[in-house]
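Should a chain be cited, it is by its letter among A, B, C and D, assigned in written order, with residues numbered from 1 in that chain.
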Amino acid sequence: MLESGHNTQNARQLLVMMERIRAFEEHAILAAERDRLVLGAIHPSIGQEACAAGVMAHLNRTDILLSTHRGHGHTLAKGADPLAMMRELLGRTGGCCGGKGGSMHIADFGVGMLGANGVVGANITIAAGAAHGIKILGQDHIVVDIFGDGAANRGPFLEGINWASVFELPILFVCEDNQYSATTRTGSVTGGPGVAARAEALGLRATQVDGNDAEAVARVSGEIIARLRGGGGPEFLHAVTYRHTGHTSFDPATYRPEGEAVKEIAASDPIARQRAALLAMGLGQDVLDGIHTAAQAEMERVLKDAAATPFPPDEAAFADVQDIGSPMQEAY
Amino acid sequence: MVMMTYIEAARLAVQQAMAADETVWCVGEDLGRGGVFGQYLGLQVEFGKDRIVDTPISEAAIMGAAFGAAMVGTRPIVEMRFSDFALCATDELVNQIAKARFMFGGQSRAPMVIRKPVGLWRSSAAQHSQSLESWYAHIPGLVVLCPSTPQDNYSMMKAAIACDDPVVYLEHKNIWGLEGEVDTSLEVEIGAASRRRKGEDVTIVSWSNTANLAVEAAETLAGQGIGAEVIDLRALWPWDKQMVLASVRKTGRLVVAHEAVRVGGFGAEVVATVAEHAGDALKGPVRRLGAPRSLVAYAPNLEDKMRVTADMIVTAAKETLMGAAGK
Amino acid sequence: MLESGHNTQNARQLLVMMERIRAFEEHAILAAERDRLVLGAIHPSIGQEACAAGVMAHLNRTDILLSTHRGHGHTLAKGADPLAMMRELLGRTGGCCGGKGGSMHIADFGVGMLGANGVVGANITIAAGAAHGIKILGQDHIVVDIFGDGAANRGPFLEGINWASVFELPILFVCEDNQYSATTRTGSVTGGPGVAARAEALGLRATQVDGNDAEAVARVSGEIIARLRGGGGPEFLHAVTYRHTGHTSFDPATYRPEGEAVKEIAASDPIARQRAALLAMGLGQDVLDGIHTAAQAEMERVLKDAAATPFPPDEAAFADVQDIGSPMQEAY
Amino acid sequence: MVMMTYIEAARLAVQQAMAADETVWCVGEDLGRGGVFGQYLGLQVEFGKDRIVDTPISEAAIMGAAFGAAMVGTRPIVEMRFSDFALCATDELVNQIAKARFMFGGQSRAPMVIRKPVGLWRSSAAQHSQSLESWYAHIPGLVVLCPSTPQDNYSMMKAAIACDDPVVYLEHKNIWGLEGEVDTSLEVEIGAASRRRKGEDVTIVSWSNTANLAVEAAETLAGQGIGAEVIDLRALWPWDKQMVLASVRKTGRLVVAHEAVRVGGFGAEVVATVAEHAGDALKGPVRRLGAPRSLVAYAPNLEDKMRVTADMIVTAAKETLMGAAGK
């Protein structure tokens, strides 16, 4: 967690986390494309790290997070072990889901990360319910639920947010808006003034933030989360950012207008911005380089170790389906 | 032993489970006023609004939120009102609840009872009459229960609430008022069928309300000197293959009867399993009764065309006794 | 259709339609409770007739309507034959759905009424699609979709209205808000400022109207429908009214606060209000009584004729399921 | 005759149908860029944005809106992307589309093709790998097609678009690139199976990609002197009982193989039907192959545990030839 107040230490922590997320995903892409070790699709969040770093900075281990198919960054920022995550992406023993979920279903219940989700928008009602459960149990954790701009067009957006609103649940919904739904400009299929207005119409206080500015995300989400911890009702955060890569690591994203990506990346890369901010605060270039190099080295090691881990034992194919009528007893 | 109805039996089981365990709660539409059939009558007064939770008309959220709450350690009982409306929450049940534990490598559990009243119920027409139990039996991760008597609706509900797996709990709407003796000390093992009647001549396998019709049919057959063994599966996953196979090996004759559409119904699974594992024991043609592959109409005479009746079971039993295997 | 302008003739037509709807439903209730001829549930719209009469007054036969389980009034006002409707409620030959749908699935495609629906909210996406189809076919009809306040908490509300918004479809969504969802006060399970705000957040122009004032509903919906016919985008109308009966005809509605129904009915019954308005316009009490008596007589006859009609032929149980693989060829 | 892939064959059929009939249109996410697998590549350029419609991520609305548009006289082709996501539109498909014509007494039609790519596809894990064809076969009102070759994906797509009933059209994701000759003049009757290989010793019934494995297995068996007749059902509703029963009467041996979970899979329906109508013709135990009732994992070795392979079909065929009926 960040110390309270806005200082160099916090700013530096944000950069460290963003560098680690990026390095993790760059290595995941290497693993997929260079090494052919990742067999399923991976959805990188490169360019979107500010949201993960800024929001998660305010969560305890016992707070709960749900995320999407594009959830590596959130999961890492929530405190998951990158080696367990990389093993998961490679489908190996010791992966955080035992190699059974892969990138799209990454989860680490030990740090309160209750799962990425392969179904767009499905996490919204589940997250509302996690907050409902917390309330029933009289616990004081909070829930953060992250989803993309595309999810705001699915029914569960309305049902889940209305639910949180009606039952006054301790939850922050974050729309991490990278402006694309797979290959489609989300704006072209989204009616009305936008996602924040939708959340407001369902009774939530909604806040808009520059999703490429880690400092701003951290500040604004810190305020919201403080309100939640103080017993406030559910809130909504809309953070606009940009997806540097294609939808999946294999997608060349040729559907983007010529030059858009180059321009957006130059203008808004959250890591570049955070570096600049830290330089302006007086940190040396060498310190920044050190952060970068350390993150890269960490994830290089992580990939190497993950690649050296064996695949899960075959019996795992029948484990953890159900207790009663389990395929462990009778597979067919 | 006390006399009570099918609906009261389940209500008692829920009430006792809630009294015993603070993490058990119920969630669905109109529950505060007892639920659409009165399954929850009085429970909100006893347990308050935080444990008998009235919801918006949001089936996806009822299912999804209950799942989220189950993952953090509560034990929700989810009310879907009519099983038909549960189709509005199919992603939540099939892609989320059934798969999470496995996908997350065993990190999560979803101890939930998902109540979906099924079946034909006085001119309710095509959107309020379905029985889709075979769908759920096909989905790994789900337990599927179909109680047919007050005793079972008590004991199986208790077992379902105690179960750490998600349980699809299919009560039949037409027998809410069915009375029977209930022994509250009787425990049921999930997956054990109930031999509702012994017989040597023909095995009748059924479940849900059709099992009651099968018992009726067996009584008629007994009057004609035919001994029918009635096996009420009660659970479709896991299901009691052992009891069915043993019975068929004994009688050599098999009738399977259910209310759901015959094509792709769970009766096919039962017959196929017998064909695979006791095909050599069959002394007559197998008979599989279910609804025609048509829809339930509103007009009562048309609705009746979708019914499997006790008479039809009697006829099928006789056919399998008279005919040679195959036809 | 109403003549343009606000005049006695129009006001009288509105009353006639409301009296006919009420008489139809009163007789349907008699058929259910006194005669035990209606076997399924019926959901009366008694007290809510202003919406049916006021909106439908502006539709042509070729315009399209979709409705809910509480759709008798809308269907009748759209021009359906009450005898065919009553036969349907009794499950008889000559019912508008051949006795196969009953009250909850009433439909008369001949007058553009594409179906009531037993699933709350399901008609919203279907209606949007009907409008989409009209656009594809280059036709100039419009679509009206009516649903209850409870439907605004279902996912299809968001998906269907967003759809209409994105594709700019010729459709008017009407939320006929009787303040109850079955036995639940809808307000208690609905977050935020209300349904109109939800529709606005999805990009629709939303209008509020007193749903017990037939004149107001007719005026406001007339304006909206004129905009639609003029090529305007989809709109939303929120009409607040009150359900005089229980949720179904068999529901005593004991969950309502003591005295609420009596008070509401006295204050807001749309038929009483329309009668008063017509009296104020100078119509005689005898004329009003004549309208009432005629409506009652019509529906008494309708019930009698319907009750004398035979049940459908048994083969109908297998007809109209599908052409290929039809149960007519092989039922099992 | 032209060589083309499975994906190209369907694209050609769609393109030709759209060119021939202005009321045919396609609706789904990302179609303008070709759809997630490229099934619609180039079509938006040819037919414009009003007929190749890019939608929001709103499966319920895609399905529901297409239905509304079908009711007013258009012929939509609905793209669900992965069959798994179609579960978000289950009410729309099952309670609305399948039932409307009947409920409304024949007033409406829903001429729709609902494309739901199914099946295992390189480490896609539990939410992107399902095959639920038995669900749809169980629902009155739906036609269910499962093409396994380029020719069939051309001819059956054409038949599906021409069909006035709603058609659930299940393409297998793993064979988009499968090449084969396509005769564009060849018409397929919906419900007619394809005898992919003749044989006298054992009948192998299959569909979708598993039918291709069955052909492979039959080749192996032929090398061992065993004549396997491979019947590719292609359609699960209606399905070609006649061809299957005639074949079993000839061979006396039956293996059914599919990729879906075995329990409650459509294989049960096939076996049950044979047991009922040709049980007396069986000379050996029936074998039914399908996935274990477990979930599809991401790790490739675990994913493989869910597969029915050509080898397994060979083994099953030999078992049914060697064993007595039953076991």
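Just so it is clear, a residue touches a chain if its C-beta (ideal position, glycine included) is under 8 Å from a C-beta of that chain, and two chains touch if they have at least 3 such contacts.
The shown structure was predicted, so the numbers you read here are calculated from the model rather than taken from an experiment.
Using mean Cα coordinates as chain centres, the one most removed from subunit D is C. To find the repeat of A-D among A-B, C-D or B-C, check which pair has over half of the same contact pairs by residue number; it is B-C.
Subunit B and subunit D have centres, each the mean of its CA atoms, that are 29 Å apart. Averaging C-alpha coordinates per chain places the centre of subunit A 45 Å away from that of subunit C.
One simple way to say how far apart two chains are is to compare their mean CA positions; for subunit A and subunit B this gives 40 Å. Residues of subunit D found to touch two or more other chains are 55-56, 58, 60, 84-85, 88, 91, 95, 102-103, 125-127, 140-141, 237, 263, 292-295, 297. Multi-chain contact residues of subunit C (touching two or more other chains): 95, 97, 99-101, 105, 117-119, 153-156, 159, 162, 166, 188-190, 321, 325, 327.
Subunit A meets subunit D in the complex at residues 39-41, 88, 91-92, 95, 97, 99-102, 104-105, 117-121, 150-151, 153-155, 181-184, 188-190, 255, 311-312, 314, 316-318, 321, 325, 327, 331-332. If you check the complex, the residues on subunit D that touch subunit C are 23, 25, 50-51, 53, 55-56, 58, 60-61, 63-74, 91-92, 95-96, 100-108, 140-143, 163-166, 190-191, 237-238.
By the touch criterion given at the top, residues 84-85, 87-88, 90-91, 94-95, 98-99, 102-103, 125-127, 132, 134-135, 137-141, 237, 260-261, 263-269, 271-282, 285-288, 292-295, 297, 324-327 of subunit B touch subunit D in their complex.
Contact residues on subunit A toward subunit B in their complex (touch as defined above): 64, 66, 95-101, 105, 107-110, 114-115, 117-119, 122, 124-137, 155-156, 159-160, 162-163, 166-167, 319-325, 327.
Touching subunit C in their complex are the following residues of subunit B: 29-30, 32-33, 36, 54-60, 84-85, 88, 122-128, 262-263, 290, 292-295, 297-302, 305-306.
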